[in-house]
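Read from first to last, the chains carry the letters A, B, C and D; within each, the first residue is number 1.
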Amino acid sequence: MTGKHEAADVEQVDQELNLDTVEIAAKTPDEVQPYAELGLRDDEYAKIREILGRRPTGSELAMYSIMWSEHCSYKSSKVHLRKFGEKNPTNTRMLAGIGENAGVVAITDELAVTFKVESHNHPSYIEPHQGAATGVGGIVRDILAMGARPIAVMDTLRFGDAEHPDTKRVLPGVVSGISFYGNCLGLPNIGGEVVFDASYQGNPLVNALSVGVLPASRLQNKAASGVGNVVVLLGQKTGKDGIGGVSVLASATFEDDATDNRPSVQVGDPFVEKLLIESCLEMYDAGLVVGIQDLGGAGLTCALSETAAAAELGMYVDLERVPLRDATMEPHEVLASESQERMLLIVNPSKVEDVLAVAEKWGVLATAIGTVTAASPEGGGGRLIINWHGQTVVDCPPGSLADDGPVYHRPIKEPNDRALIAADRAETLPRPSTDAELRETVLKMAATPNLADKTWITEQYDDMVGGNTALSMPDDAGVLRLDGTGAVDPNIGPLGIALSTDGNGRFARLDPYTGAQLAIAEAYRNVAVTGATPIAASDCLNFGSPEDPHVMWQFAQAVEGLADACAQLGVPITGGNVSFYNQTGMTAIHPTPVVAVLGVLDDVRRRVPMGFANDGDVIILLGE
Amino acid sequence: MTARIGVVTFPGSLDDRDAQRAVRLAGATPVPLWHGETALRGVDAVILPGGFSYGDYLRGGAIARFAPVMETLIDAAKGGLPVLGICNGFQILCESHLLPGVLTRNAHMRFRRRSQRLRVENSATAFTSHFDPGQEIVIPVKNGEGRYVADEHTLDELEGEGRVVFRYLDGNPSGALRDIAGVTNAAGNVVGLMPHPEHAVEALTGASLDGLGMFTSVIAHLGQTAAAGS
Amino acid sequence: MARVLVDVMLKPEILDPQGEAVANALPRLGVNGITSVRIGKRIELDFEGEADLEQARAVADALLANPVIETFTLRVDEGS
Amino acid sequence: MARVLVDVMLKPEILDPQGEAVANALPRLGVNGITSVRIGKRIELDFEGEADLEQARAVADALLANPVIETFTLRVDEGS
């Protein structure tokens, strides 16, 4: 290093000493780095060094640890999820599928629908209200990123024993969080599930679905294409939200007490999200954006690397331009921050002014933070270069973060209790044989929380905002009118869509293959009975630790079952989400594949509600 | 010429398009108005729709009251322009002092949505002439801050002058004082209510069609002849 | 930088459901000596330069408190 | 009767959407010198007899503040 630092004041020196740049990294190969604390294995760390040809900087290490985590890289599930692609029925409706922010299916030549389910289980256990609220916010941004106007949400919930004190902490908070965020966004909640089971005691499940509608011509993608295009960050300022994991990088010695840097909970602001939605839609309609990506769990790290990798180009970012809520944040914290209500836009330089004007109209912050750069002449995409006050802190191939993460073939082993479970048949249970026993059984069932009325929950959800809800609670599927369709000819009613989410962890515990099939079969039936034609499915796979071969077996079986069912039913899986590590100690939750099925009604006026309609109607039982 | 009815969009308004749809179904022309502009674009009446303007932070309607559009609207309302505030719109009218009282957090502290039976206590306002006095109607209610509160003196005055327009029947969803669901100003041109008439205008999506009467009432009040219910 | 603190409380005659809920939960915590719980807002206004009490009062009056149900008090935060 | 005052504020690093919304509205009221607004809770606990700070602290810990996102301070209200 040169001597020029000597003249600088103490604070300046301090800051620069802490700043781990690419230049410093190249000169200090032996620096001990806390990769294990960040969840990276020895071989993964070695691979990073190989990719970079030097040790990673602190910022790079943070980015790799995030992007190569189970959550972002799907390293344990990838080899299994391929089955969906292999077995999916061919489908001409599919405009975007697995790998995109959300799957998109065509409804007519002009109109498309996008939907997806996602989990927010762990955050909802730590801080139920905010965890669930930001879960809704996150899935809505996925839908928005596809070019769609979000039009509804649903939620499938799993809690521990209804009488357990912790359930009394978690359930009201989760429900108020979903209610607060969804209602405030103006998205009707058109259905979901609530199930109590002791297996979820330390691991409640909060899976949120959002659905949106778009003109097919407005479909957006995340590729940061067009060398010279401007990278714009839209929405909330960036704070120290959810940077707990990487705070280890902030302490000079890793034993430092990092209490100041403890994981900080993300707080959702649905008001800003609403403004984000309206401004993005206005920008799409005016043709102002080339590419767009929502900022979710992995914040800027994910958005920057994925957009650049998708275009196989490079990107240059001046990170200090990111508007901060806390001026003391360091570059790795800015990159890792999970602050909510943010989107990354790729904009042609001639349109930047228009983008800023739309943002200003809606009162949303918009800041140009970088540019798209060319691919390397040698091929393999470009470089992602991130500067912090003029010093380079990241210089890596974006594809190495986004696409080349580790892939594991985790060991799989059938659980030992399979034979026991198989032998323990329901037929062997005692049956009520007298009137009194029958009465007792019925009363017992009526009293179980799982069959009890859910109005305490559902009345906290606005199911009619937007004015297009044609069916919702207590029906088994939600039905929405697609506004503006069918208006010209009064004989042709408006189109509708139907959605249902279902899952049964107990069935899946007994037999994950069949249990997953039952989940999709139930959602499929619920959609069909409204009069809709099922056309697509999305799933959220909630399981224990992938490092447990028994859990991995459950997972593989469930995926296989789901993929086979999709092939038979003729509906493709268009996207979904995997949530692993739902376990307390060595005990995993019931394997819980949750499936959402989407259907179309060619005339929504003909939707069939579930109740008996008229006196004297004939009741017929179909099927076995 | 059909009546032109303005619907204001604030940042965070949610039922603005629903209100426009209801205006259209009632036979008038909806005119979108923007919170940031003072112009009322020559409309014959204005609806402040439901939603969470400015996130409903602090108190519902407290921040929206300072929007530029409210400057002109407050004067116009005092001059007799018919103004309907629904839910968040009602909160804004109270915070703007166009209507007395205030809407506070529900006594049970939760957001609550349900189909609500109401009695029309005053069918002489600009928005209720198509109802019979004492008529019972069903309109959805959905809010977290819908509990109407005013001091005893104000409440007595409202009752005495017949300015309670709607009252909750079959259970009060929020703990509102004296079961008040909606009130009017002395002149009867400004009406605010917590339930959502714009969500009870179509058989496909609503629990009833009872909400339509409020929109056809104001059209009649404006002396227009637009065909209702088309 | 200077900070003005604004305390906004519900008038005594106005129902405070949140305060009641807390009060009702106290016996379950084994707390019996508390006779009343009232929950209001504490608002911190940070000024660029000197604290401007008059401006803070105007903001409290127009926006932070609703005189129909609330009262407020304000003071400069000496600790800041 | 004695009163204990509990102030509950969001931790500094936690986003305060409410405070932000108010701060953004101030220029429309003609107020420009305020750089930040944070909104928390002010809670009055009234004791039958003497103020019991330890008990108040237990109540604050268990019911009034959410330790994941909030901090609290308490003091006896000398004015009461």
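Heads up, the rule we're going with is that contacts are C-beta pairs under 8 Å (C-beta built on N, C-alpha and C of every residue); 3 or more make two chains touch, one makes a residue touch a chain.
Going by UniProt, the chains are B = Phosphoribosylformylglycinamidine synthase subunit PurQ; C, D = Phosphoribosylformylglycinamidine synthase subunit PurS.
As the structure is a prediction and not an experimental result, all values here were calculated from the model.
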| item | value |
| --- | --- |
| Between A-D and A-B, the pair joined by more C-beta contacts | A-B |
| Mean-CA-position distance for chain D and chain C (Å) | 7 |
| Between chain A and chain D, centroid-to-centroid distance (C-alpha), Å | 34 |
| Centre-of-Cα separation between chain C and chain A, whole angstrom | 38 |
| Residue numbers of chain B (touch at least two other chains) | 54-55, 57-58, 63, 66 |
| Chain A residues counted as touching two or more neighbouring chains | 269, 271-272, 363 |
| Multi-partner residues of chain D (at least 2 other chains) | 17, 21-22, 25, 29, 39 |
| Touch relationships between chains, expressed as pairs | A-B, A-D, B-C, B-D, C-D |
| Chain A partner contacts - residues on chain D that touch it in the complex | 10-17, 20-21, 24, 66, 68-69 |
| Residue ranges of chain D in contact with chain C within the complex | 1, 7-9, 19, 22, 25-26, 29, 31, 33-49, 52, 55, 58-59, 62-64 |
| Chain B residues within the chain A interface of the complex | 11-12, 14-15, 17-18, 21, 36, 50-52, 54-57, 110-114, 140, 142, 144, 196, 198-199, 202, 204-206 |
| Of chain D, residues touching chain B in the complex | 17-18, 21-22, 25, 28-29, 39 |
| Contacting residues of chain A [partner chain B, same complex] | 176, 179-180, 183-186, 269-272, 274-275, 361-363, 459-470, 481, 604-605 |
